[in-house]
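Think of it as A, B, C and D in the order they're written, each chain with its own count starting at 1.
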């Protein structure tokens, strides 16, 4: 089975994630798109891990780390989103001009 | 015996078909037991009419009734999500059964990662709860769904952690391996750790089932049937009754497998080896189911905050300490004791 | 005092033990015998006062609508029409009576509060123990009066009176008039209710006429006419069925227990066809009205003399005092005789008038109002003319119950004329219109009343 | 049936589901649907991990992503605003974003295909890494990254609690505890 299959699928998912991050204005939807990108990365890592099987399992371990970091990211990200929602009744990133002076 | 030449995927299909037939049957038996045991714990008789003898056909009659009931989808509901939610709850329930070792060889699919698979698959149904509650377009359903999700996430942790204790002591994630690694007197060994881990697992399991006394997500006096308030007919059965009772059996089976020695005989006496492991497994699981049925009419419902507090402030710290203790035991216990 | 710290310390010490104790309790119950009554196969002996279903004693119903009005669920439906009866005597006034057309209780709505049974002033509603009347169709749960009447057969007798309670019928027996009911007492009681309803019934059990004899009720009503109009005797649990009761025996048919106040009312103005009880507890009402406290003392003394228990005496005395106070406050204002109640006494209602009934008891300290309803009720009778002088004294006299309806100012009073005269409906219309205009009613009102009169006349013709 | 053909069919089926679900995630106008479509992508990814002989990662994906992350997302959505029905969640950069994504995909896939076109994956079961290998490697060569990730998770946990926490001094004094 050609490894290119997995790599192209991975890059497709990644680009869909990029589109989502750029085109969405709801903060939670942006988080979802980021999850898409992280998954694309994971597929990539595992495909190479399978490809380089003789090198052991570092690909899988990195995928696990990515999953763990993604979980942490979602936790903090959602906390921020909820905080913003509580203060502004809105989660539109376009309207988050808090840092602008 | 007859010989069949089946390829791998055909065998898998046959196994799936068997599971799909047996799981509902076991659910019916357990549901009937629930009716009867709970009734007798409360000085009642329970169902007495359907089927003639002590109402044995009650649940069949119930099922028929639900089949004939109208399938109502609220006008304001999100139809797609609403119809898919029972599936998202029902399928993971069935999938968990696949790896339970009923006997040394009697297991649908023996996985290297049995325990991990089991925990992973059973966590999916939370999404089904949220789907059902959100799509119903009903505030009680939404509150119930959020309660259910919060509760399932909170109690997932002690379950995973106490199961990890069992896996650490056994040195494997394979359910068969965990059973084999256990020796008489199963729960009581290693001293303290096993029993406490079992109790934590059991307590969190009761909460995972959203059964009394942890049934805030379906507390009928406040939020009707929680996430399933708007469901009717077969969808209702597949989203509430079936998963609840089936999960009750599954949790009991998992507890049996992880802590009670699974299909091993209750006491290590030579002549008991003649009894098939399935019998021992069934006996132990039935005992666990009885415990669950016993708890249900005994204790009053917890408040939502008490429920969360119990998980986060008691069960999770306890199980974390247990993991430390189990690690210490595995590393430092004298060889003769292990 | 409970020491909070000690308590929480004790809780900590027994952490988890409570759970085990609870489990032990339920486990114990697992091995106990069940306490279930397998209902369709075996039946529990329900208490005698079980609120199963409400039975209707149709003959007792005067269509006063109290039950329908008090019903919190509005599950009682009553239809009725008025019938005009010919005057009993030559030259008398035609009388009107309400005839019950429909009495239905929707048990799909009923919440079994029993308020209708409580408020019914004529003992037309009873609780029955029957409860197995489930239906496959919700519409079947609306019991019409036939079905409600059928439940009467299942009504149990009332409970025995408390020891020391006043026996129903005692005071009546003390009156000479009590001699009269003897014949009625002999009459057989066709309903299952009657005998049982009066535990002390030896003196007074009233024969209930067969419940399914509406045809006779016209006669029966005539006979019942002289019954004390102002005293429905709500305490009487029996059916004060009047069939076979002679007009001369007004109070006795009912085992009516007349309280002293009630008797006092009789004595002050017994009305034309009320036999004054011979006992004569003195018409003290006039004096009483002066001072509530004096009334209290007096009634208390009377009651004690009569042999009532201390509790009963005190209660009655208190009631009397309260009434006296109210009466003083209110002054001798006329009672609402001219209120257009559905069947005002002036229209010759053959039955005691419900609206008048409660009031009749009230004004005991004040003779003025007392007489009004009593007379008003009486005025409706065929002997109305005899009471005319008395009525004239009352404020109600502005509406003299004469046979000449033309002069009656009461809008509803137009009706009696219809039955009595030979006018065509159109004539009635014209006449009523003229009357109303003469009275100064507005055009709309006059038109409306006239139309109503015409309709009634048309109906009467049919 | 040839195992390789089965794998290929499996890959194309799962891949199609994943791509469609991913596209719906970024285009649907209903936030909850977006999260649920993400479940489709994540489950597909888990299936692909099984295909790539990374069973442990697959179940970890199901347990953590599907069982926890998506549930958290749904939770967050329902705590903020998740109406049934459509609403506009796109901003004005949609065409530009589409162009960027398309160009990026074009470039990446061209490079990847160019670099790895002839490479075949050996997906037979016999040389699959066992779970205990993963454990052994994590707790030997990768123990520092592992510890750092655990500290990161702890920091994220505390941070999330601190951020989302309501500053109500009254609420701190819990009654009867």
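The criterion applied here is as follows: contacts are C-beta pairs under 8 Å (C-beta built on N, C-alpha and C of every residue); 3 or more make two chains touch, one makes a residue touch a chain.
Note that the structure is predicted; figures quoted are calculated from it, not measured.
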{"item": "Chain closest to the middle, measuring from C-alpha centroids that were averaged per chain", "value": "B"}
{"item": "Centre-of-Cα separation between subunit D and subunit C, whole angstrom", "value": "79"}
{"item": "Between subunit B and subunit A, distance of the C-alpha-averaged centres to the nearest whole Å", "value": "33"}
{"item": "Subunit A and subunit D, separation of their C-alpha mean positions in angstrom", "value": "7"}
{"item": "Subunit D: positions in contact with at least two other chains", "value": "56, 60, 68, 72, 75, 79"}
{"item": "Chain contact graph, described as a line, ring, star, complete graph or other shape", "value": "line"}
{"item": "All chain pairs that touch each other", "value": "A-D, B-C, B-D"}
{"item": "Footprint of subunit D on subunit A - complex, ascending", "value": "1-9, 11-20, 22-26, 28-29, 31-33, 35-36, 39, 42-43, 46-47, 49-51, 53, 56-61, 63-65, 67-76, 78-83, 85-86, 91, 93-94"}
{"item": "Residue ranges of subunit D in contact with subunit A within the complex", "value": "4, 7-8, 11, 15, 18-19, 22-23, 25-26, 31, 34-35, 38, 41-42, 45, 48-49, 52-54, 56-57, 60-61, 64-65, 68-69, 72-73, 75-77, 79-81, 89-91, 93-94, 96-98, 100-102, 104-105, 108-109, 112-113, 116-117, 119-123, 127, 129, 133-134, 137-138, 142, 145-146, 149, 152-153, 155-157, 159-161, 163-164, 166"}
{"item": "Subunit B residues touching subunit D - in the complex, by the definition given at the top", "value": "7, 76-78, 81, 111-113, 116-117, 119-121, 123-124, 126-127, 130-131, 134-135, 137, 142, 145-146, 149-150, 152-153, 156, 160, 173"}
{"item": "Of subunit B, residues touching subunit C in the complex", "value": "37, 39-45, 48, 294-295, 297-299"}
{"item": "Contact set on subunit C toward subunit B in their complex", "value": "19, 22-23, 25-27, 29-30, 32-36, 38"}
